[in-house]
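Both complexes shown next keep chain A, but they swap its partner, so chain B is in the first and chain C is in the second.
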Partner chain A sequence: MIEILVYGAVISAIYAMLAVGFTLIFGVARILNLAHGAFYALGAYTVYALTANLHVPLLVAAAIAVVGVGLFGVAVERVLVRPLRRSQLAVLMITLSVGLMVEQVLLLTFGSEARNVPSMVEGAYEILGADISAQRLLALAASIVILAGLWLFMQHTRLGSAILAISQDAEAARYMGIPSDRIYSIVMGISAGIAAAAGVLVAPFQTVIPSMGLLPLVKAFSIVIVGGLGSIPGSILGALLLGYTETLIAFEVSIEWSQIVSVAAVLLTLVLRPAGLLGKRAAF
Partner chain B sequence: MPLLEIEGLVVHYGKAIALEGVTLTVEPGELVGVLGPNGAGKTTLLKAVSRVVPASGRLSFKNRDLGPMPAHKVVGEGICHCPEGRRLFPELTVLKNLMLGAYLRDDKDGIAADLERVYGLFPVLRERRTQQASTLSGGEQQMVAIGRALMGRPSLLLLDEPSVGIAHRLKNEIFRAIRDIRDSGTAILLVEQDARSAMAVADRIYVLEHGRVTHEGTPASLADDDSIRQAYLGV
Partner chain C sequence: MKRRTILGAGLAAALLAGAAPSAFAQADKPILIGVNTALQLQVGRDAVNAVKMAIDEINEKGGVLGRKLEMVTADEGEAATEGPKVGIAAVNKLTGDNKVDVLIGGYDSGVTLAELPHISRAKTIFLGIGSASPAIQAKVKENYDQYKYIFRVNPINSAKQAQGLLDFISGKLAGELGYKKISIIGENAKWVQDMVPMLKKGAIDAGLEVPMAEFFDPQTADFSPIFSKVKENGSQYLLVILSHAASDVFVKQWYDAKVPVPIGGIDVKSQDANFFERVGGKSISEVTTNFVLRAPLTPKTVPWWDKFVKLYGTPPVYTASGAYDAVYIYKEAVERAKTTKTDDVIKALEKTDYVGVRGRVVFDELHEVKDGPGYVNELFVQWQEGGKRVVVWPKELAAGNKMINPPWLQ
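Here is the complex of A and B:
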């Protein structure tokens, strides 16, 4: 019981990090980013490469991974997405290609076997009789801090207001003198950086393989549909719902069945409430 | 020397032509009204000045060519646009909406002074400052929209139909504010459906029909023109 509570919290927190970034770049720039899972995988592999091959200290490697992948996100937006941003279809194809490209490069560089990333914190804690690894608790705490930091940034900085303004009325934002192209790049960077942070945090207890980004992309997309595309509170609510349902089914039934939850939730949402739980309007 | 000079301005939406060679000037501190029927191109004219729709022809402000500037640079030059339909940021508070008008500014003291000035023009906004913009009445939302544009400290304010769909009492308050803004030295280009109110405040008027300027002059001279009296003043 207590395992379900804690494991569910950890998985929900990771899902929330992925979904918030995914929904943010869609809500602001209307970019449906199919490379989002690749950013997550790149985060994990960057830490692996820096620690295993170059012997960089783990925390430094983590910071480099988050910032580096964030900058990679900026470059993808600036160079590849921006020229064709007006076409949703082109954006889908471009980001899908970037995702596949990243996966292939990881495969060619590191091979297909699973890689081990050391834990940032060792040991385990006993919580009400259940053993929970310290790394999982760290992942939970770090994602709460990151999401809270994002919220503070959005609520209390001028840049945060500008991001919210564009997502609510892009044309009006132009009348304010907000340079939308620059904001899109920044938001892509933030979104990619948060996805990388999720990858870094789970790398020690997840299988690090080149295709590791696919499932998280599907999960992020599902959560965001359930919560309402473009809605940040919706994506957090969706992450909690999905994270806990999956954990519950994994414990009580089987891991295989838990993977059906997200797909079923998406279909159910699209049929019953296309705008999602907290969405303003149907995104499709 | 005029503040804003527009010469031979042409705007297309795809194949359709919305402005066919409009020429217009605004002097510093002047309140210029633009009248015209629905679909005449009034909104398009203001959007072209803001560089939100692409246009050809000459557009110069303070003797600088606006043509090559992106929209956000135009705001930095001192042109602030209060758009048709208000277009507030609905989920943000009144105060945040106002502060976004000052997005490009860094002078803290100046911003605080301008916020006081906006509250002075529209005292109700001070009470409503922590309220979500979407919960305000139409008239109050219009006040936020005007105040938000003023927060950019414009030397030219573009106002697109500020009185449309607003109760009579609030309409008077808005026109009084428009007069105050002009009296404090800000030039205004005012698009308005309510010809009577516009002619009462404007220094000069242009009449736009089918994308062309058909009449221009002082309100008094236009009021003498029979065709204008019939079409716009209904007498």
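Here is the complex of A and C:
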């Protein structure tokens, strides 16, 4: 029981990091970013390349990965997405292509075998009888800090207010003199950076392979549909729901069955409440 | 979108040019060896390198029946994500476009099984070097005329590997170590589905309690629920069977959570010589089966191993030993048959008695490599301090080596 509580918390926290970035860029810029999983994979691989090949200290590598992928996100928005942003379909295709491109480049560069990213912290802890590795606890703590930081940033800075203003009414915000294009780039950068951070944190205990971004993308998508596309509290709620349900099923039934949860949740949500739990209107 | 190694255009053109009707052309034409395997993976790369190494050696000594050997490769893709379609396309390309004389390859049983009808339709000899399902060679018995082309040089089939594992369970785990309760988990793949029920039954017959025998998806990224169940049910050993699944994640999560149960079984990626290093030493005390090591299994083993390392900079994995032997086995069969005609070569192959780098290769009536003392053996090898590999079973080959526990259980 305690194990479900602890492991579920770790999974939910990682899911929340993925989903918040995904929903943020949609809520603000209406970009349905199918390259989101690629940012996650890039984060993990950057750390791998820096530590294994260039022997950069792990924490420095992690910082470089998050910032680097954030900048990559900005570049993708600026160069590829912006010229065609008016067409949702074009944006879908562009981000999908970016995602596939990243995967192929990783495949060509690193091959398809799993790569080893060393743990940032070694050892294991026993929490009320449940053994858990220090790296997982670090992932949990770091994601709480990152999400709390994001919340503070959104609520208490001018830039955060500008982002919120655009997400509420882009046109009105532009009339108020908020430079929407620059905001879109920044939000894409933040979203990519958070996805990369998730990749960096899980890399030591997950499989680092070129296609590692696909499942997180599916999860992020599922969570924001359940929580309501564009709603940050909704995506955190969705992440907790999915993370805990999956863990519960994995521990109590079989890990083979846990993967069906997210798909079932998406179908149920779309049928029963298309706007999602905390969404204002259906996004589709 | 997947890359394929296509020696294609150039080679096809060369072949077409060579196909100009000339009685002399036939004798000069190289004997083509098609290698169908997963070129992205170590098992595939090593197989290709081993075939190349054997071909170069044979060509240096004048080839076979005065003809040179030549290799063409085709990618079988990654079975776990792509299924059998890439493998089927690879076989059809090699037999249809390249018209190879023999196929050497295969690494995933599901893919190999799907390829069989295509191989037999192309009437091309196939020397399997990686897939382990007994269902593959069973086809030879079901319909000899249709499937006589199919041979397995390597590895020992999964049913026989299971026999070896059972021997390890009853002799080592229950016998020498006195364990009473073990759990069995395996990835959900064809060869494991064949094996797990057999293992469970055998373990129970050996007087062990088996509270858990489960499958998990090869894509599984988090093994904590399994470790938690195994810890709770009081197992003294966790027998694991995985090949395509994430071996690295499996041992890392096991080590990091200090799961109080030792692990071992068949972990195909842990058979790689650099696995210990790849996972940062976290496979310490894991036991896995292996078929070839840098040890004098035959007089050929150590020189072959060292030459491979020198040529390619990496120690060979299990498919390499099979691929290397397969080329020589084919060569000798062609020499005995004095032709590359398929039916004659098959007859000659059936009479194979060849000492390779893993042991003595003889085929049974299913065209299956014979195993056991005097033939090819399944070894149980443990990762010990500093990434040293130590044979701990079978008893006669372990020579008194001690099996260690993970550091947190010592």
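In the analysis below, the second predicted complex is superposed on the first by the 284 of 284 C-alpha atoms of A that agree within 3 Å, B and C clash if a C-alpha of one lies under 4 Å from a C-alpha of the other, contacts with A are read in each partner's own complex, and residues count from 1 in each chain.
Quick note on the criterion: a contact is a pair of C-beta atoms (placed from the backbone, for glycine too) under 8 Å apart; a residue touches a chain by one contact, two chains touch by 3 or more.
Given the structure is predicted, the values throughout are model-derived calculations rather than measurements.
Participant: On the A-aligned overlay, A:Gly177 touches which partner chain: chain B = first, chain C = second, or both, or neither?
Facilitator: first
Participant: After superposing on the shared chain, does chain C or chain B touch more chain A residues?
Facilitator: C
Participant: Which of the two partners, first being chain B and second being chain C, lies in contact with A:Glu113: first, second, both, or neither?
Facilitator: Second partner only, chain C.
Participant: Now for A:Arg158: first (chain B), second (chain C), both, or neither, which partner does it touch?
Facilitator: A:Arg158 sits against chain B, while chain C stays out of touch.
Participant: Which holds for A:Asn53: it touches chain B only (first), chain C only (second), both, or neither?
Facilitator: Neither: A:Asn53 stays clear of chain B and chain C.
Participant: Quick one: in the complex, what on chain B touches chain A?
Facilitator: Contacts found on chain B: 50, 52, 70-76, 80-83, 87-92, 96, 99-101, 103-104, 148-149, 152.
Participant: Touching residues of chain C toward chain A in the complex: what are they?
Facilitator: Listed in rising order, the residues are 1, 3, 40-42, 78, 81, 188, 214-217, 219-226, 228-229, 231, 246-249, 252-253, 256-259, 269, 278-280.
Participant: Which residues of chain A touch chain C in the complex?
Facilitator: Interface residues on the chain A side: 3, 7, 11, 100, 104, 107-108, 111-114, 116, 118-119, 122-124, 130-136, 204-207, 211, 215, 247, 250-251, 254-256, 259.
Participant: Okay, in this complex, where on chain A does chain B touch?
Facilitator: Listed in rising order, the residues are 158, 161-162, 164-165, 168-169, 171-180.
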